[in-house]
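Labels run A, B, C, D and E following the written order; every chain starts at residue 1.
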Amino acid sequence: MTEFIQQILNGLSLGSIYALIALGYTMVYGVIQLINFAHGEILMVGAFAAFFAITVWGANIFAAIIIAMIASSLLGVVIERVAYRPLRNSGRLAVLITAIGVSLLLQNGGLMVFGTDFRAFPRVIENTHYKFFNGSITITSYQILIFTVTVVMMLILQYIVQKTKVGKAMRAVSWDKDAAKLMGINVDNIISVTFAIGSAFAAVAGVLLGLYYNTIYPLMGLMPGLKAFVAAVLGGIGLIPGAFAGGFLLGITETMVSGYWSTKWRDPFVFIILILILIIKPSGLLGREEKEKV
Amino acid sequence: MVYKCFGRGRVMNKWAKVVGLLVVLLALGLAAGCGGGGQEEAKDTGDTIKIGVNYELSGEVATFGSHTKDGIMLAFEEINANGGVLGKKIEPIVRDNRGIADEAMSVATKLITEEGIVAHLGAATTGCTLAAVPVCMQYKIPLLTTSATNPDVTVDPKTGETREYIFRTCFIDPPQAIVGADFAYNDLKARKVAIYYDNTNDYSKGLAVEFEKAFEAIGGQVVATEGYGKDDEDFRPTLTNFSKAGADLIYVPGYYQKVAKIISQARELGIKLPFLGADGWDSPELVSIAGAENLNNTYFTNHYSSSDPSERVQNFVKAYKKKYGSVPDSFAALGYDAAYLIVDAIKRAGSAEPEAIKEALAQTKNFEAVTGTLSFDEKHNPVKEIAIIEMVDGKQVLKTKKAPKS
Amino acid sequence: MALLEVKQLSKTFGGLEALKNFELSLEKKELVGLIGPNGAGKTTVFNLLTGVYKPTSGTFYLEGKCLLGLKPHQITSCGIARTFQNIRLFGDLSVFDNVRVANHWYSSYPVANAVLRLPSYFKYERRMSQRAYELLEIFNLLDKKDELAKNLPYGEQRRLEIARALAAKPKVLLLDEPAAGMNPLETKELMNLISWIREEFNLTILLIEHDMSLVMGICERIIVLDHGEIIAQGTPEEIKRNPRVIGAYLGEEAV
Amino acid sequence: MLSIKDIDVYYGAIHALKGINLEIKQGEIVTLIGANGAGKSTTLRTISGLVHPKKGTITFEGQDITRLPAQKIVELGISHVPEGRRPFAKMTVLENLELGAYLRKDKDGVRKSLERVFEYFPRLKERMYQKAGTLSGGEQQMLAIGRALMSKPKLLLLDEPSMGLAPILVQEIFKIIKEINEAGTTILLVEQNAHMALQIADRAYVLETGRIVLSGAAEELAETEAVKNAYLGG
Amino acid sequence: MDKQRLWLNVGVAATLAVVYFAVDWLIKTGIITPFQQLNLYLIGINIILAVSLNLIVGFTGQLALGHAGFMAVGAYISAVLTTKIGIPFLPATLAGALAAALMGIIIGLPTLRLRGDYLAIATLGFGEIVRGILINIEYVGGAAGLIGIKQYCTWPWLFFWTLITVLFIKNFINSTHGRACIAIREDEIAAEAMGINTTKYKVLAFSIGAFFAGIAGAIYAHYFFLIQPNTFSILKSFDALLLVVFGGLGSLTGSIIAAVFVTLITALLQDLAQLRMVIYAVLLIIIMIFRPQGLLGTKEVTFEVLCKKMGGTTWHCSK
C-alpha cells in the first residue's frame, strides 16, 4: 500500500511537469490552433537562460526564473513573428512543417551554441526529504515545489483567460479573428501576448525540469515536449483544465507501468492507453465532442 | 490595362521573393563555408593523407561523437605539428551522421568513393558503425571504431569470421563485464546484485547480459534486472523495487547523464548501496549532475582514468584541457588513441595505401596508448588492461587495473 | 402507400427537444414545403432523414423499407438525396467532378480495374461522364465544367449543389433553403427549374425555404414547424391565413 | 461623414470592387443592394479595414482611414455587424457585449450602453449568461447588432441583418434598425431583401459585379423599372 | 481521342524505358558514383513514402503521423523473412507490405472517428507503439536492430517498385475511388450524403498508403544492410510529411519533385558537418514561408501541361 502511495506521489511530480509544459502548448493551440512543435525548445532556451543567469551572473533562483521567462517570451514572440505569422492564412500543415523546422533549428542551433554536453543545473534550492510511515514514503521538497507551481500556474492561466480583458480578447481571437478585429481587438498583438505567456510558462517548466533532473541539454525539450503534447491532446487540446488532467494522467500511468510492470513496455503501453482513450472519447478527456453543424 | 499591370506586379513580386531566397541561401552558404573551412586543415590535396571522420555530431548522441571528434582532431593537430607521417600531413575529413544508420552509410560511401580517404574513423555508436562496416568492407578501406562495443562489429555473426578491415580501440562488452563482476565479487564482496540497464541501448544491454553471466559464473546471484528507456527521467519506482529485492550492489551499465540521475535519486530515496558501472559513466558532468557526496561508494570500469599519474595520460589531459577547456572523457581518449594508432600503422606500413594500413593495424602489438597498452587479438579487438575507478568526493581515483580473466 | 412515411420522429440534444413527434407522408411526385422560424427544427428533420443524426425515437420508411439506423451513404443509395443550407460543395474539385462523385455509389467498379486500367474502367468512367454532362447541360453549367467549384459565383454554386444531388439518382430530394441569397429574378428561375426537374426526373421534393414567394409559389402543401412541433399544415392559401402561423412566423405585414 | 473615392479591391486575382464611389451623410440610412457576389459585403469589409483597397481613398469625418487597421477604425466610431452574425459562440451573451466595448475605458458609459442595448433587445437581457452559440438565429442577430452598438459607433455597418430569418423577425429587426438610426446613429445597410431595405433607407446604391450602376433616393429607386425587375421581383 | 491516349501512353512508356536502361548502363559503367547511387535509392524510397502518404494526407485529408510505423513493419517483416527464414526478396517484400497494409486497417478502423489533430496524435502513438515493441523483441535484435541483411535491392527492383507505386496511386486517384477520397477531404458530411462510404474509403486510403510504406521499408532494409527501431521514429514520419507538404498536398508530381529535391539537398549539405541541420532547418522554414501551398499546390505536371507550357500543340484530350 505504501508503495502504491509512493508510486502515485512519483507519478504526481512527473505529471506536474507534463502538465506545466502542456499548459503552454494548449494555450497557444487554443488561440491559433497551431501545434507549436517548438514549445519544447522554447523550454530548453528558458532553462539555459536560467542556467547562465545563475552560473555566470550569480543570480538567485527567482531572478533566474524571471530572466528565463523574459528570454523565452521574447523567443516565442520572435518565432511567431518570423515563422508563423506569414503563414497565418495558409494551410495548417504548412505551419506544422514550419514549426517542425523551428524546432529543428533551435535543437541544432542549441547544440552548436551551448555545446553537446549535458550540463549540471545548479542546486540552488535545498532538496529536503520528508519521510512518512517509517521512511517508506518519501516526498522531496522539489516534488512539492513542482506540484505547487503547476497548480498555481494553472489557476493563474485560468484566471487570465476567463476573467481578464486580455483573456477575453484571446478567446474572441480564437473563435473568429475577423469578428475580433471588428471589436477593435488588435489580433496580432493578442497572438503575440499569447505566445509570450505560453513561452513564459515553458520557461518555468524548463527551470523546474533542470532543477528536478539536475541536467540541461540542448535536446532536453524534445521528449518532454512531445509527451506534453500528448498530454494536452489526451485532456482535450485547447482546454486548460484538460492539459492539467492529461498531464497528471500521463505521469501517473507512466510511473505505474514502470513501477508495477516494466519500464521497457512503458512507452508502448502509454500510447496504447492514449489510443484507447481517444477511441472512447474522441476529443480527449475533458473535450466536448462538437458535431459539425450541418 | 489594369489587369495587365496587376499581372506584372505579381511577377515582380515573385522575382523579388526568388532573389530574396537566393540572397539568404548565399549568405548561409558563405557562413557554412567559413564554418566548414575552420574544421578542415590545409586542403592542398596530393600531399596529404586523407582520413575520414564519420561521427555523431548532432542528434541525440551528439555528446559522444563530438567528444571523440575533439580527441581525434587534437591528435591529428599534434601529428601535423610534428611533421605529419611519411612526410605528408594528415587531412581529416569530418562529417556528421546525425546518429542515424543510413546517414552513417551515406557518409562512409561519400568519404570513400568521392573524397578518397585511406582509412575511416568512426562511428561512436554501434548502430552507425554497423552501417559503415559493409561499405568499408566493400571498398577495402580499414575502419577503426572508437566506441562501438558490439562483438558483431568486427566479427560476422553468421560465419564467425573476423571482418578483415574492421578494428576497434575500445574493449568489447565481455571483458569489461568480466572485470566488473570480478571486482564486485572479490573486492566489494557483493553476493546479490540488481542490474539496471538502458533498454534502448545495445551497449548497455550487452554489458548487462555479460555481467550477469560472469557474476553468476563466479558464484554470485542476480536478484533483479530492469531496463530503462532513453527518455526516462524518473527512476524512483524501480529503485524502490530494487532495495526491496535485497540487493547489496546495483550494477548500472549506462551513460552518465542517466546514471547520475539514477544514483542521485537512489540516494534521495535513502538507498546507500554501492553502485558499479562501466565506461559510459566517464564524464565530468557525472559529478555535477549527481552531486559529489551521492557518488561516494560508486565504482566504474573504464578505458583510462584522467587521474592516472602516467606521463602519457597527463600529457594528453593537459593538451586537451588547453585546447578545449575541459577534462577529456573516455570518448576523447579513445578518439585520440585511434588517430595515433592509424598514423602509427601508416608509419609501420611505410605506405598510406588502405591495404597496407590494414595489414599494419592487424599486427599492432603493445601500442602505447592513453587508454593502455594495446594489442589486437585475432578478432581485431584490443587486448588491454581495464581501469577501475572509484568516485571519492567527486574525484575520480584510480582504484586498480585488472586484466580480464576469461 | 406513400413514398416516404415518417412516424413520430423525435430528436433531443442534451435535454433540448429539437423535434417532437414529427409526422410526414409524402406521395410520389409531391412538392412539399417546410417552413418555420429559425431553430424550429427544419434542418433537424433533414439531418434525421439523411442519417446525419440518429433520432431519439420514431422511425421512417421509404417505399415501405425502414431506413432507421442506416448510415447516410446507405440512405442515399436507398434514394434520398439532399442539398445543404450552407452549400457544401467539394470546393477543390472541378464542377464536373463534383457531379461525377455523386454517381459513385451506383456506377462504381473494383479498385483493381481502376489501377490496372481494365476496359470496364473506361466503360464506367465514360458512363459517369456522360451522365454528368447531361446534368450540367440541364443546369446550364456545362461551360464551367472545368472550373473549381469554389470559384463559381454563389447562384451557380446553389445550382451545382442541386445538380450534384440529382446525380445521386434520388427518389426523394431534400432542398435546404435553395433560394437563400438569391435575388427575386434568380429565385424565379429557380422555381421554374425545380418544377421542371420534378417532372423530368419523377421526383418527390421536400424543401425548406424562407422566401415565401417561392414556397407559396410552387409547393402543393406546406408544413409549419415551431419549437420542434408541427403547428400547421395545408395548402399555401390555408397556411397564409392560419393565425398561429402568422403569430409565430409570418407576421402581420406579410399577409 | 463617410466618403469613398474610386476604390479598387482585389481578393487574390479576383477584382471584387471596381472604382466604387460612395457618400454617406450624418444621420442617414444608406442601403447597398445588389446580387450575390456584386461586392456589397466587400464594400463594408473595406470600410471597416478587414480588407484594404489597391487604390482609392476612404475618408471618415475628414480623416483618411484607407490604410488604417481594423481596430483603429473601430476606435474612430465605425462599427461593423458582419454577415452571418458571427457571435463568439463559446462566450456568454454578456461577454460578447463586453467585447463590443473592448476599446472603451469609461466604465459608466459602458454600463449605459449596455442598458440601452437591453432596452432595444430585452431578450438578450433574459439570456445574459447563456452561451451565444445556444441562441436562435434571430437572437444571434440581435446580439451582433447589440455588440456593435456597445462601441457607441457614429456609423453602423450592417451586413444582411435579415439573412435566414423568419419574416416576422425580419420585421422586428428592421424596426429596431430604424429606432437606432432615429437615436442618432448613421447606418450603412447591405441587404438582400431589397424590398425591406428600400422601405427604411433614405438613399440607396445598386451594385452589380463590383460597380455602382444606380444610386439615388430610396423611394425613387424603388420606382425604377430596372430595380423593380431585378431586385423587387417585379 | 483513344488514339491520342495510346500515343501518349506509348510515349510515356518509351521515356520510362529509356530512363531505366540509361541509368542501368550508367550504374554498370560506374559513371553514377556509389554515393550518387545511394542517393538514388534514397530518392526512390522517399518518392514511395511521399506518394503513399500523400494519398492519406493530401488526397483523403486525414492527417497521419505514423507513416514510419508502417515503414518499420514492412522493413522488419521482409528482413526477418529474407535473413532468418531465407525467403526470396520479392515474396518477402510483398509479405512485409501486406503486413503493413493490415496494420493500416487495424489502426485505421478504430481511429477513423478521430479528426484532425486527434487523429494525428493517435497515429503518432501508433508509430511509437511499433517502435517500442520492436525495441523489446530480442528476436529482431531489439534496440541494436537487425543486422546482416543482404543487399537484395538492386536498381531494377528500385525502379520497378517506385514505378508501381506511382502508377498505382495515380490510377487510383484518377478513378471514381480517388474522387471519393478527395470528396472526403473536401467535405466529409457532403461526401457521405452523396452516397460515399467514408469509413471504407478512409480505411482503403490508409491501407494502400501503409502497403507502399511497407514496400519502402523493405527496400530500405535490403539496401542499408541493417534496420534499427530508432530509424523509424517520429522524425521519419515528419520527414515523409514534410515531403508531402513541400510538394503540395494532393499533387503526386509535387511529392516526387519534393522527394528528389529534399534528398539532394540533404546530400549536398552533408559536407557541412554540424552546420548541416541548422541550414536544413532554416531552408525548411524559408521555403514554407515562401510557398506555403507547396511547390505545386494541388496541380500536377503532366505531359499535357508540359506541352502547353512549351508552346507545343495542345492536346484536346477531354477526359
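Heads up, the rule we're going with is that contacts are C-beta pairs under 8 Å (C-beta built on N, C-alpha and C of every residue); 3 or more make two chains touch, one makes a residue touch a chain.
Just so it is clear, the model here is predicted, and its values are computed rather than measured.
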| item | value |
| --- | --- |
| Each chain counted as touching subunit B and subunit D at once | A |
| Chain separated most widely from subunit C, comparing mean CA positions | B |
| Chain whose average C-alpha position is farthest from subunit D's own | B |
| Subunit B-subunit E separation of Cα centroids, rounded to whole Å | 35 |
| Rounded Å distance, subunit A centre to subunit D centre (Cα mean) | 42 |
| Cα-centroid distance, subunit A relative to subunit B, in whole angstrom | 33 |
| Where subunit B and subunit C are represented by their mean Cα positions, the distance between them in whole Å | 70 |
| Residues of subunit C touching at least two other chains | 52, 84-85 |
| Per-residue overlap in subunit B, given as positions that touch at least 2 other chains | 57-58, 66, 199 |
| In the complex, subunit A residues that touch subunit D | 165, 168-169, 171-172, 175-176, 178-186 |
| Contact footprint of subunit A on subunit E as seen in their complex | 57, 63, 110-111, 113-115, 117-118, 120-122, 124-126, 128-129, 132-133, 135-136, 189, 234, 238, 241-242, 245-246, 249, 274-275, 277-278, 280-282, 284-285, 288-289, 292-294 |
| Complex contact set, residues of subunit E against subunit C | 167-168, 171-172, 174-180, 182-183, 185-187, 189-198, 204, 250, 298, 319 |
| In the complex with subunit B, residue positions of subunit A that touch it | 3, 6-7, 10, 13-14, 108, 111, 115-120, 123, 127, 129, 131, 135, 138, 140, 212-215, 217, 219, 222-223, 227, 254-255, 258-259, 262-264, 266-267 |
| Interface residues, subunit B side, partner subunit A - complex | 57-60, 62-63, 65-67, 199, 226-229, 231-234, 236-238, 240-241, 256-257, 260-261, 264, 268-270, 283, 285, 287-291 |
